[in-house]
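Two complexes, one shared chain (subunit A), two partners (subunit B, subunit C).
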Partner chain A sequence: MNEAALTVPAPRRQSVALAMRRHRVVLLRCLFIIVSIAVLELASRLAWIDPVSFIPPSEMALSAWKLLLNGAYRDDMIMTLSSAAMAIVLATTTGFLFGLLLYKLPRLRRVLDPLLLSYYAVPIFVLYPMLIVLFGLNRWPLIMLGFLFAVVAMAVNTLNGLERIPTVLLRTARMLRMGRVQEVWLIKLPASLPFVFTGIKLSIVYSFIAVIGGEFLLSGTGFGYQIAFAYNNFDNQTMYGLMLLLLIFVGTINLILHAAEQRLYQRRVLREPS
Partner chain B sequence: MNPGIMRQGSGRDRWLDVLLLVAGMLLLWQGASWALGIEVLPGPWRTLLQLQREIADPDFGKHLAETSKAFFTALLIAVLAGTSLGLILGVRRLAGDVMELILIALYSIPKISLYPIILLMFGLGLSAKIAFGVIHGIIPIVIFTMTAVRNIRPVYLRSIRTHRLTPWQGAVHVLIPATVPEIVAGLRIGFSLTLLGTLLGEMFASQRGIGHLLMLAIDRNNPPTIMALALMLFMFATVVSIGLLQWDRHLRRGTQP
Partner chain C sequence: MAFMEQSLSETGVAACASAHVSVMGATKVFDMPDGAPPVNALGPVTFDLRRGEFFSVVGPSGCGKSTLLDLVAGLSSPTEGHIHFEGAEVRGQVPEGVAVVFQEDASFPWLNVFDNAAFGARRNGLPENEIRARVDHALAFMGLAGFARSYPAQLSGGMRQRVCIARAMVLRPRLMLLDEPFGALDQQTRLLMGEEMLKLWRETGSTVMLITHSIDEAVLLSDRIGTMSARPGTFIDIVETGWSRERGSETAMDPRYGALQSQIWGMLRNESLKALGLRV
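This part shows the complex of A and B:
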């Protein structure tokens, strides 16, 4: 912080240097990934590692491409996506309202605080069997698992964001005699947006982890199930193809969310130089 | 977090809060059990009795020992490797910048779908579970340690240079002591994820361990056993997590004005 303030005289040169550095980092990152893939490819082709159990990345890509083209797994993909989407919608709305409630009721918050802090210490997957008993072997246990896994992250981040709203904004709301809903919609939500967005991002990530994990362990359809199925049938081509598709898909979502989040925070920092 | 606001209540208030929380959760549980039927969701008391019965089972000790062995080995590896990797990436700024996004991406993929690869590499058995626990737990520890080293006061880094410490000495005498609170915070998350990873590893393609018992209970449609095991894991994880949290707070006391 202080150093940046001291070296203001040459902002242009500094920003150029910063941009150069950022480019170099991106370049090196790509290089790292490419080299890792190349090493894996070589190791598998030259049989340093068992080429049957770990097929070369190029074959994985080919298999993924074929799977995508022949569309045999389209229903599973849609199933997983829709389950995760439902979990995300449920978790973000409930989580936001829950965060709001905790913000309004400090007493409740004090009581629930230890639970919120240690919630993620408990492997929530141990509840999956119970959810299956409760909801039956269909998609609802998965959706509930995703919901349970994601909702607390959303609530905690909402609470975090609400606590950081500048008091002057709240005073403005009171001065303008806004109603409850108006205050939430026009003041609280926009002012805490970056933190709420972090909550949404985590909800999306956690929902996918829970839904795919649940499918993998015990389910009859979906992406995770198909990977487990291929593994159990020694169908390594399909298994690696599916894994690659999954990784690319989840990776892309994460990258987009991460970039959007960075922009939100940056804008906020620029507007409030405190 | 904001310890100032949260720690206002006196000691007795805090105990009251904890009591309220536990009582509320037990009531909710009991209520849900009555609403759904005792066969679907056994209440707290029945679950405790069942847990007692499970522990009395002669095979239980073996399963618990298997899980503990896998879990603690994984945790040890995750902490040691995670901290050293975090220190290196924190000190080498460029390497840290390059790896940070990759680590975050790895953190957020559903690693369970990669478990078959681990199984193919390590074979069925203990080492696969350990490896799976490690890949779950190590990333948060690396990220926390790396961030901590980056935000270290520059004077510490300069003092390493003026004393001409070797990298090892610098890490042991300066970097680690200066970043212990963050390492503990990372350990807290790493702990729970390692536990999750180990259990998930046992739930899929395993013949021993608590996760295997859970899977067996699902196959036999045995809710009391599921609840009893879940309760045991819940209590273990919560107690350790609260303990680590207290340690974390204790370490941070005085460092933040």
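This part shows the complex of A and C:
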């Protein structure tokens, strides 16, 4: 091989190596998932774990695909998604305003601080009977369950974000003779956005947990209920198919949120490449 | 040298009309929480800023220099006394034509350098082509032309401070208030930034009031230097440097430079000891 043949592909090799380095974490993550699925597949196929109780992941995927195609659970999926979406919208808007209120009223914050800290020690699901009495036998008790589970996370993160705004930025806003609304919109909101975004991310996760958990334990409709129904009827194919669909859906939402969050943080902490 | 400390008098009120900024008998007392006695942070202080001059304030830590700047900027109100900018009273609101550069990094991390510099001008509703021209000029002036699309996190501390100065420059202020803007920078960067400030001052013709801990910086940059006492800060003396407008680093070679340094330090030494709680 002559010298030119050795030197010409060097830039390409370098760029591949650079891309590999940059995406190493993502590659390792994918590898971990693939290996985990492969181990579960083997464990089930070779009967290391009971293949009746735990069907192989390939069969789960097949079942999920069939469930998606035949549309038997479409109404339940729509019900769950719309309930969770309503809980998320309510929790993020109310939580943001509540966080803003606590920031503006330090005395109120001092009063509520211990209550907020112990909020997640309360098992929210025990409130379901009370919510039925308040809202009736419809989807609203579940939406409220999702809302109650998520709203404090949103409020606390909003408050954290607002409290961490450097004073000099607020002084700059005053120097630029900005009004209160402009100050909130152009300074406070973008300055606290990473924290607010974490609040939104947690609200989405908590709303889904509460709505699906509520359906699983307490409701007669929805995605969670259908998983519980399949479980009670020993219909493992359907149960795992539904569980896989749910995992893929929630996992995808989380990955999108994580990517958006990373993008948001990256601008604020990244350094000049060496 | 001219001793400028004045009592609030008829002459002071008359001077207010001709001065660019006039501070008359300003004091600032801070109330403390939980029944602690109030803190008398400043004054009474009386002085004028002449239109287009470079005025520096030096004093021991905690003497109220930044409090004085806040009062002049309109970022807080005096407990007693009056402050006038271009003949109109300043009271708790920043007047149009005033820009402040703070010691801390005040660049907005979510905006790139161009948008940071353009922020104030956009708020003032200037046309976009005018903003672009002003920002391009300010960034080139501050040596940031190649960084317009960079974010503050990608810049060094000195560059971020220059972004803040560019943002102030784009506003074309008639009064520029600098609150130890180079305090967090290393000595070399400080010197270079000082030269940039002189260039900026010459180009814009703004009146500049600089708060600084550094006697060297004050002597090198200023037309006049106000030396403050320990808290509650009042002016011990206001010294004329007598430098030409075209001064720069070479001014440090002038024999008067060392004499001025000694004179200022002579006034500040006892005050600094007092501020530290040591015996004079």
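What we mean here is this: the second predicted complex is superposed on the first by the 239 of 274 C-alpha atoms of A that agree within 3 Å, B and C clash if a C-alpha of one lies under 4 Å from a C-alpha of the other, contacts with A are read in each partner's own complex, and residues count from 1 in each chain.
Rule of thumb we're sticking to: a residue touches a chain if its C-beta (ideal position, glycine included) is under 8 Å from a C-beta of that chain, and two chains touch if they have at least 3 such contacts.
Computed from a predicted structure; not experimentally measured.
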Broader residue contact with subunit A after superposition on the shared chain, subunit B or subunit C: B
A:A259 touches, of subunit B and subunit C: first, second, both or neither? neither
First (subunit B), second (subunit C), both or neither touched by A:F216: first
Partner chain(s) touched by A:L169 [first = subunit B, second = subunit C, both, neither]: second
Which superposed partner A:I248 touches (first subunit B, second subunit C, both, neither): neither
Subunit B versus subunit C as contact partner of A:V35, first or second or both or neither: neither
Of all residues in subunit B, those that touch subunit A in their complex: 2, 6, 9, 17-18, 20-21, 24-25, 36, 40-41, 94, 97-99, 101-102, 104-105, 108-117, 119-121, 188-189, 191-192, 195-196, 199-200, 203-204, 214-215, 217-218, 221, 223, 226-227, 229-230, 233-234, 237-238, 240-242, 245
Touching residues (chain side subunit A, partner subunit C) in the complex: 166-169, 171-172, 174-178, 182, 186-187, 190-191, 193, 267-272
Subunit A residues touching subunit B - in the complex, by the definition given at the top: 24-25, 28-29, 32-33, 49-50, 53-54, 110-115, 117-118, 120-123, 125-127, 129-130, 132-134, 163, 205, 208-209, 212-213, 216-218, 223-224, 227-228, 231, 236, 239, 243, 246-247, 250-251, 254-255, 258
Residues of subunit C that touch subunit A when the two form their complex: 73, 75, 93-94, 96, 98-100, 102, 104-106, 108-110, 119-120, 123, 150-151, 153-155
